[in-house]
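Two complexes come next, and they have one chain in common, chain A, joined by chain B in the first and chain C in the second.
Then we have the complex of A and B:
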């Protein structure tokens, strides 16, 4: 058995501090830059001599950023909800049913994760154009579902694998039909897995730049990532202080979601990790 | 638990507001145009990035409004970030989205020209008309295999800019003319204030290759000869690389500097020289330099030469306007382009953003001639040379090779001789 000696504890603390610095220092610098005036952006100092809220004020008073934040919330929620719903059915199907082609479908879903999104951009863009959906949120949501589904399906399959078949058998004996079994017995038990998939899907959609830039060109419908890039990163100039302030503000929704649902997220990620 | 309820309510509120404010569905494909072959009014799509950026949005909107108000063809704008332009143009050209006119950076013009998707302006506007009315050096920038595939919109050189106040403080009333004077100036600047970066040459990203080439030419080196043969493995290249390394060793330049970084540091008075184009005065102003301090903070200069009598080198830079082969409104597109590069609009563009016109009459106008800033740049641009990989379809790959080898030398990973040889081998292989 591994013994936690004093020197081991000291090493663990030291190592944790190093990891903490590496992980949190960029965040600290981001916050530091957000409170600096533009003239001090490149001043390498942790202590801000002239802190200012002007950057935050400027972002909050920017109608383009606020509108794009609303657009992103809308798209991200619908993407993560839709993807989670489809992934639940797909995961349940792979886990509890046996049918011809099941393994082929499972392999295809697994291999889909291997494709970088940039490679699929041309294909999806052409498809959306052919279906006259380019420029619409539907095109963006469908694209996001396509990328969230593989990971979501596998996460939920692992979750459903843990549920004993006896649950389903008992329900059948009691006269329950499949809709009742699925919606009243099985899916409620898979809530942690579903939430972890939903969080993954939300963060994925929230952070996307490439697809939102390509599929949405109308300024009023633009989502957050392209709006931030177009407003703060130009050909001649980058407004780092306002960009950092905007980055902090737009990460608030995702942070709130993590705080609320963190135990479900961790439970969902570790489902199936240890066979009990 | 109460906190979690509050957070849940906040999230629900955000979702409700976003759902109320958003609408989905509908295609954003621009309306189609009229049939080609007749100069009837059409709906045109003009794509690019300047209509999105804070500093150039107003003038681009004015150009579009001014044209639309004449009646006739109507122009709509489609925009994306500058860095994504090439990718978006190639994507949209392959799709069914309407795409008539696009703003193109000189750095990506070669890739689009090689793709065979651009219309020849000589056919649309007439070669004689172009030569008669537009600056020859500017026209050359948009030429590819004998065709005028890009109409110059604003062309100038990337040269050196300097801070007159800092130079004066070390005894230089005028900018240095030769490399030895330049090094002496850098040395004095560093001795006076060790916290200053004397020269903010780009030492990362593609701009590193852009900044390096004029220095390579200054030392007599070339990446390719006139026939396209790789000639970079030469004594002059080794001299240029050694010189770059010596600047770093003496702390006159720094690693991990981009042009964007230099613009900000220069405006803060922490840098004395860096490479930029005519728009740099406007950039300094937007980075906090007061209007009345601009003349003593930033001035253009000719690049120092190896020995007196040599021609100062500079790299051509600018924006072009292109018409796509797939456009159904080519004649209308040309009419719009003529309006943008015409005297009225180009002088307004000069006034608002400092971008040099290309029309001969505009270049000879008082607005250009009487302005010391634009007049200096016009002079620097006369000796401008197109970057050596500008017209290659794999220009990005080739520039990355230059960046990697140059960084190898600066970081001490290889000698200049080895880097020159590796440059030659890698560029030869990449050119196929």
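Then we have the complex of A and C:
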């Protein structure tokens, strides 16, 4: 794409260094600090003289963090699974069907992310209070689904757009009913898009702070981000190494899932965006 | 005759099936987005408080209060500064990084993956990390600046108005650079080689190729990614909340923080809804662009 001129090489090298440091150094620093014993965090050395696991142990032994991780796993799996399913139905509907109001529905779903989430929260919170449902995960999970849908539906619609209509036609001629067409023929072909949506959904739910902080008030039912904030917010001056260890631990599940399924994610993002 | 009858046993028309398939999504939209939005906007015309179940209509009183409040102007300008820089910086850096990692070399894919880790880490963790890096006493930035002789005393980055916003912007840029890179990589890879070849034959250099072929070729992705980025930044909550809690002295209070604080710390849901409605009007302008773009597909 680019000719390897001298100036281009200089450009490459210069920005590789700068952006490379920006992108990777903080990660290394976070890992580095997490393995330092608490006494040494104040010595700014790149090489760890006494690597230790004591920070990780402290975090893992704190019941609030462990419990919140379990809560987050439950909420995130539920949300990403449901959101993917709903998005698949909606994406398929938008792609291969025509009916009155289709375009309006499409705009509605896409625009969901443009509504300030904090303002929706005001009503959702008062609604939950009034229905005596505050503290239940239902509002949280439904909210996550609502916010995952725009990107998920868009991605999956793009996948379904690429499927030839002939596939459905021939299945119909063979006498297949809609359930069979959908589940046995169409959906298996959209697996990459589904995985991409599920990853997005999982990351969204796992990382969310605003909604989980507000809607879930009982400490035992808290999810991860609020639990982290509650535990460490006041301790900025004291326990950096434990904070870094905690930050790493909470990032591990999403990172693992992401590394394993990264291909699908980027493919999903770009297939929806780059349309021929 | 009989075969046609049995095929017509399935009573649902195609359109009806389409409807049923989209129903869950629409139901969720109405329940979580539409109804709460309308209700919250209506709330802005009341004096509702979380401490008291009773409330009454107060017309435009809340709006008068909010517009008359000097902190509102500051929130507006904070949000503007944040959105501007926290969108442009990661966009430009993400574009350059996408170009760099698009050079075919071994490990490019791996580096792309590691870059994305910056994006998937929870915002709370990112805030902890950057508050540590810029910490007044033990942060590495201070240490580096001191050892280079650029400053003689540690700078309290998070404790001063101007620099606090700078750290928030840097943290958000770090978080979003991978996201922009991912989208822009897709755009880069979609450029057709015929056009590149033609330009080369005409003697274009790298810069000209970038300006005249590559950027225009990526136009729709660039617009989408910028609009989504702006919308995301207009709503962003995590980093200003955890890194600086909207301070010091309200210098990093953006709209989301302001609404949250009014509703859940001052319990004045009516005022919060007012700020939120004004904020939503701004967002509406950008979302309009987005649906126009997305609707073209």
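By definition in this document, the second predicted complex is superposed on the first by the 230 of 276 C-alpha atoms of A that agree within 3 Å, B and C clash if a C-alpha of one lies under 4 Å from a C-alpha of the other, contacts with A are read in each partner's own complex, and residues count from 1 in each chain.
Simple rule for what comes next: contacts are C-beta pairs under 8 Å (C-beta built on N, C-alpha and C of every residue); 3 or more make two chains touch, one makes a residue touch a chain.
This one's a predicted model, so the numbers in the text were calculated from it and none came from an experiment.
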Check: Looking at the overlay, what does A:102 touch: chain B (first), chain C (second), both, or neither?
Finding: second
Notebook entry, point to check: Just chain B (first), just chain C (second), both, or neither: which does A:214 touch?
Noted result: both
Item checked: Contacts of A:167 with chain B and chain C, given as first, second, both or neither -> neither
Check: After superposition on the shared chain, which partner residues are touched by A:253: those of chain B (first), chain C (second), both, or neither?
Finding: first
Item checked: First (chain B), second (chain C), both or neither touched by A:126 -> both
Checklist line | Partner chain in contact with A:191 - chain B first, chain C second, else both or neither | finding: neither
Next item on the list: Determine, under the contact definition given at the top, whether A:73 touches first (chain B), second (chain C), both, or neither.
Entry: first
Check: Can A:5 be said to touch chain B (first), chain C (second), both, or neither?
Finding: second
Check: More chain A residues touched by chain B or by chain C?
Finding: C
Next item on the list: Classify the contacts of A:229 with the two partner chains as first (chain B alone), second (chain C alone), both, or neither.
Entry: both
Margin query: By the touch definition above, which chain A residues appear in both interfaces, chain B in one complex and chain C in the other?
Written below: 41-42, 121-122, 125-126, 214, 229, 233, 236-237, 240, 259
Notebook entry, point to check: Along chain B, where are the residues that touch chain A in the complex?
Noted result: 4, 7-8, 10-11, 14-15, 17-19, 21-22, 24-29, 49-50, 52-55, 78-84, 88, 91, 94-97, 105, 260-261, 263-265, 267-268, 270, 279, 282-283, 286-288
Next item on the list: Enumerate the contact residues on chain A facing chain C in the complex.
Entry: 1-3, 5, 7-8, 12, 15-16, 19, 22-24, 26-27, 29-30, 33, 41-42, 44, 86-87, 89-90, 92-94, 96-100, 102-103, 105-127, 142-143, 145-146, 149, 153-154, 157-158, 161, 175, 177-178, 182, 203, 206-207, 209-210, 214, 224-225, 228-229, 232-233, 236-237, 240, 243-244, 246-248, 250-251, 254-255, 258-259, 262, 265-266, 269-270, 273-275
Checklist line | Residue ranges of chain A touching chain B (in the complex, touch as defined) | finding: 38-39, 41-42, 67, 69-74, 77, 121-122, 125-126, 129-130, 132-138, 213-214, 216-219, 221, 226, 229-231, 233-238, 240, 253, 256-257, 259-260
Next item on the list: Going by the contact rule at the top, pick out the chain C residues touching chain A in the complex.
Entry: 7, 10, 12, 14-19, 21-22, 24-26, 28-29, 31-37, 39-41, 43, 48, 50, 93, 96-97, 99-100, 102-103, 112-118, 120-125, 128-133, 135, 137-138, 140, 143, 174, 177-178, 182-183, 185-191, 196, 200, 205-206, 209-210, 214, 220-221, 224, 228, 231, 234-235, 237-238, 241-242, 255-256, 259-260, 263-264, 269, 272-273, 276-277, 279-280, 283-284, 286-287, 290-291, 294-295, 297
